[in-house]
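Below are two complexes that have subunit A in common, paired first with subunit B and then with subunit C.
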Partner chain A sequence: MGDKLSLRRVFGLLALYARMDLDWLLRDAKLSLLDAANGLIACLSSLSGVFLLAWRFGGVGGLSPWQILFMLGFTATVAGLCMVFFGSNNVAHISRRIGRGQLDHMLLQPLPLWLQLIAEGFLPFSGCPRLLVGLGLVLWSLRGLELSPGWFWWLSLAGYLACAVLCLVGLSYLWSALAFRWPVAFEEISSVVIDEICGPLSQYPLSILPPALLWPLVSILPAGLLAWFPSCILLGRPPLGLPELYPLFFTLGLWALAIFTFRKGLLYYVHYGSNRYTQGGHRN
Partner chain B sequence: MFTTVQTVTPKAGTAIELRAVSKHFYQRQPAKSLADWLSPKRRQIPALDDVSFSVARGEFLAYAGPNGAGKSTTIKLLSGMLTPTTGEVTVLGLSPLKERIPLMRRVGVLFGNRRELWSDHPVSASFRWKREVWGVPKAVFDEMESLVLELLDIRPFYQTLARELSLGQRMRAELGMMLLHRPELILLDEPTLGLDVLAKRQIIAFLKELNERDQTTILVTSHDMDDLEEMARRILLLSNGKVAFDGDFSALRGALKLGKKALVRFRNQSLREIPYDDIGALLQELSALEGVAEIEFAQNSLEEGLADLFSSWKAPS
Partner chain C sequence: MRSLLYTAKMACTGKLSDGVLPILADSAIKIIALVPLVFLWRALAAQGADLGGLRLAQLLSYSCLAIMLERLLNVRTFASDWNYDGQLGDLFHQPLPVFWQIIARTAGTWLPELALFSLPMALLLPLLGVDMLPKTLWFFPSLLLTISLGFAVDCLFVCVSIRIQHASYIVHSLRFSLIALLSGALIPFNLLPFSLGKVLEWLPFGSMAAAPLSLFVGAGNTASLLAAQLLWNALLWPLAALCFAKSRERMVSYGG
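The block that comes next holds the complex of A and B.
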């Protein structure tokens, strides 16, 4: 029972949660198939609206239908990666755990909080339908665009995908820190920011918007960095005159802020607790 | 205030030590004016107020008090979930907040109203999860697994999903899982909450055996005084965040001055309860009675005595 933290330990924990995910999925064949079908249908139906519009009108916002399809594939891949790596037990939607007083369970484990958060959300099997749809759309759109990119382009794609995923998770943790102070009021803040604002907005070619609306969407509420901005760069049409590494710099800044805010919130939580006397304390 | 008995424990063998620990919460007061509404007033609630005590290694301590006395707050302080407002907390020689990770390898914590088992997985999967996350060596895991499966009678539902278990089964499984890393200290917050008699008996017997066999230090909170008396040798009573009594159960009975009574059943099936202090006077009174069929002598229970005491403290509920 040593205290050493190593990559082996991290991969050991990831393997543990992967096995638990597979056990859960294989427990019931009907449930597994329904779960996979549900993931596929939900993903395709959420993307089809924008694609059909682009197809009908021969493109939207200066992007051709195939370019729109690439962008939709990118956003689905980002959502899929989030689901695979941070999907389980409200790891991405951490405000739910904080708001429900469930962070105490994590404090009882002899592991650093960050390691628990990295490992616990790993759903490589039940979380992958959206990822597969996203990757499929990206490959299909590349055929339609008649592109045959080199290794550097694929590396850039991986980098932009990683930045978008980390941007989404960083945004969740930044907002979720509010739940340390006002647990009931902000219990659902993460799902509001991620699922109801940034997620849906990331499916649109934002170049249709005037600059006054566009700039906030690549800074204050960075839905534009989740698919539109990186897709434009990867398709050779860098928007807004920003550098190609802007998503990386933004994500690093966002994470620095999120870590600072989350740590402050955690210290508040441990110092004051979230008890029945607190205005907006735990709902239980 | 009630009698306080100081228990002195040897430093070298101390499992828990609280030195002048206070923990205050703040309660917002209803606004009575616009000024109050704009800048709300807050009342300080002392969950713990200058509490000092220590628990020796191998000791079985009952930690009791009315609702709101500060029991759960103490458990949270001991397990590093909260910091004290003032004072110092040491558990197994470590600071719960600063040395949370090494401490959690040596401590087991169980809250009766919370779940640690994975709801959508069999109990066995939760046990395996515990082994991996705590990094329990295989030999220790195998030994503890067979021990808890046997003594807590978990085997019949070991492969059942946790969410399908009855409350009694779930608590036994939770307790079993908590013990898999063979903790030196166990903190239990109302582990028998809502359990039937059989499940309670199983858990109490198991905890007693664990304490006697392995000298595991146990601190347990409960509202059931009979359970606590059966399990623990020492009891620490809290009242409004202060230690009101610290000693053994016989001292508590003495301090409570539990009354004695004679229950008289008459031949016409009527009953009469006669409280007494002096047996001579009681016998004189009994000899004057006519139509007596049966006499039973009894002492007020600890539960009754404490109910009177808690009522006199008027603790917040």
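The block that comes next holds the complex of A and C.
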């Protein structure tokens, strides 16, 4: 722990990673443009399926096309914020680093692990296309909905976005604890949870599902809390009779559980180490 | 031919080297992805929407088959990964044409999933009321044309990733974003607004998933769908072969 920890130090590290991100972006114009185009196309393409259906059929699952667009904008903003704050160095996909035995590199640094995780994921420039698309869709949908919300609504939006991002990352860390014990089998569990299950599910208006499937999606596998549930609240249609602060309470509980299991896993890792590398240095 | 069969067998065995659990986990993820689609079609049918001439039963068969045959409808060989990590260079040391090896290895990796996921699904789904019998036998040649076209398209994307060097993730991501929507694997073209489907079915991506799936459920014009598939195969295969021949000289891999 060489350096004194302070807020100034945290912002200094964030500025350092922002600078590195900008350097990467400016290094090769062709690659940067390609990366930005990829971010935009991937985002629009993943969202357009549900939106086109909603547009064609005048809404679906009790939501109008503009309300669906708001929900899709919300989910894109969540994905964008996740990319901007936790996108680099597999910070969101932490099971990859655990599974590959790369946590050793972090434990050698003269900074606490949590501070490294906060700073290393920061991608303010190359990570922002999805965020910009998301915010654009939210603003466009508000225009379509003819809403002019007050400051409290915007504050609520920011709060629900923060909860959704932290919920997604917390879920990743909760499951990633398994990679400490079984590094090969669970190396990709973060991408399974974030990219293959929760991400795609969060794009649907989940009110189409029967209650028996809907409740697990706001509790055990909280894909519903990433866009559908907060969007319904923000649009004045709170679903399932749950309180408006439910996403906040859920996220706090999830993080408490994630920290507990992650620490347990880390203790196991510190004790036994990683079995991924041969004596020759190759990963098996 | 025998060498190719052995290559496919090796790939199949390799896929099973970690046991069947990874395949079952992958299957569970696919089923999770299918659930909201099934309820989406049900919701649209319940609100009395015009489903573009399709019935609910056809939509359910369409989506289920799209999930079951996902790897065949959107062929992804290991060539782009192998280029990234250096294994593509190893293929040049083998006494078989590189592209045939890629095809044999890829086809070999399909077999465990087809046996452990697609076949059980095909047997189980009719018990749940989903019709899993093709409405026309033209589905089978169409599926073969789709696979063939998929290899050609994959080869072209591999050439792009060779060309732009060390950005294979971008190519991979871009490709999957485009194909997910434009191939009709997720949403049948009949359901798209603004007559988008009419345009998309004439694009090469539209000949990949939408053509066999439409024939399977008895929607779409057989002659025009097959004609488009034949046309794109005839155009893209020579282009893929030419691009690959030019790109192989540019191949750079660090390995690791």
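Please note the rule applied: the second predicted complex is superposed on the first by the 272 of 284 C-alpha atoms of A that agree within 3 Å, B and C clash if a C-alpha of one lies under 4 Å from a C-alpha of the other, contacts with A are read in each partner's own complex, and residues count from 1 in each chain.
Keep this in mind: a residue touches a chain if its C-beta (ideal position, glycine included) is under 8 Å from a C-beta of that chain, and two chains touch if they have at least 3 such contacts.
Note that the coordinates shown come from a computational prediction; the quantities given were computed from them, not determined experimentally.
Trainee: Taking the superposition on A as described, I'd like to know which of subunit B and subunit C A:20 touches: first, second, both or neither.
Mentor: A:20 sits against subunit B, while subunit C stays out of touch.
Trainee: Looking at the overlay, what does A:112 touch: subunit B (first), subunit C (second), both, or neither?
Mentor: A:112: touches subunit B, not subunit C.
Trainee: Touch test for A:209: subunit B only (first), subunit C only (second), both, or neither?
Mentor: The second partner, subunit C, only.
Trainee: Where does A:270 make contact in the superposed view: on subunit B (first), on subunit C (second), on both, or on neither?
Mentor: It touches subunit B, and subunit C stays clear.
Trainee: Applying the touch criterion given at the start, work out whether A:201 contacts subunit B, subunit C, both or neither, answering first, second, both or neither.
Mentor: The second partner, subunit C, only.
Trainee: So, A:12: does it touch subunit B (first), subunit C (second), both, or neither?
Mentor: It touches subunit B, and subunit C stays clear.
Trainee: Does the superposition put A:104 against subunit B (first), subunit C (second), both, or neither?
Mentor: first
Trainee: Using the touch rule from the top, collect the residues of subunit B that touch subunit A in their complex.
Mentor: Those in contact with subunit A are residues 25-28, 45, 47, 73, 76, 79-83, 97, 100-102, 104-105, 109, 114, 116, 118, 120-121, 125, 128-129, 132-137, 181.
Trainee: Quick one: which bits of subunit A touch subunit C in the complex? Just the residue numbers, please.
Mentor: Per the touch definition, subunit A meets subunit C at residues 30-31, 34-35, 37-38, 41-42, 45-46, 48-49, 52-53, 55-57, 60-61, 184-185, 192, 196-197, 200-201, 204, 206, 208-210, 213.
Trainee: Contact residues on subunit C for subunit A in the complex?
Mentor: Those in contact with subunit A are residues 18, 21, 25, 29, 32-33, 35-36, 39-40, 42-44, 47, 49, 164, 167, 170, 173-174, 176-178, 180-181, 186-187, 191-193, 196.
Trainee: Which residues of subunit A touch subunit B in their complex?
Mentor: 1-3, 9, 12-13, 16, 20, 23-24, 104-105, 107-112, 270-273, 275, 277-279
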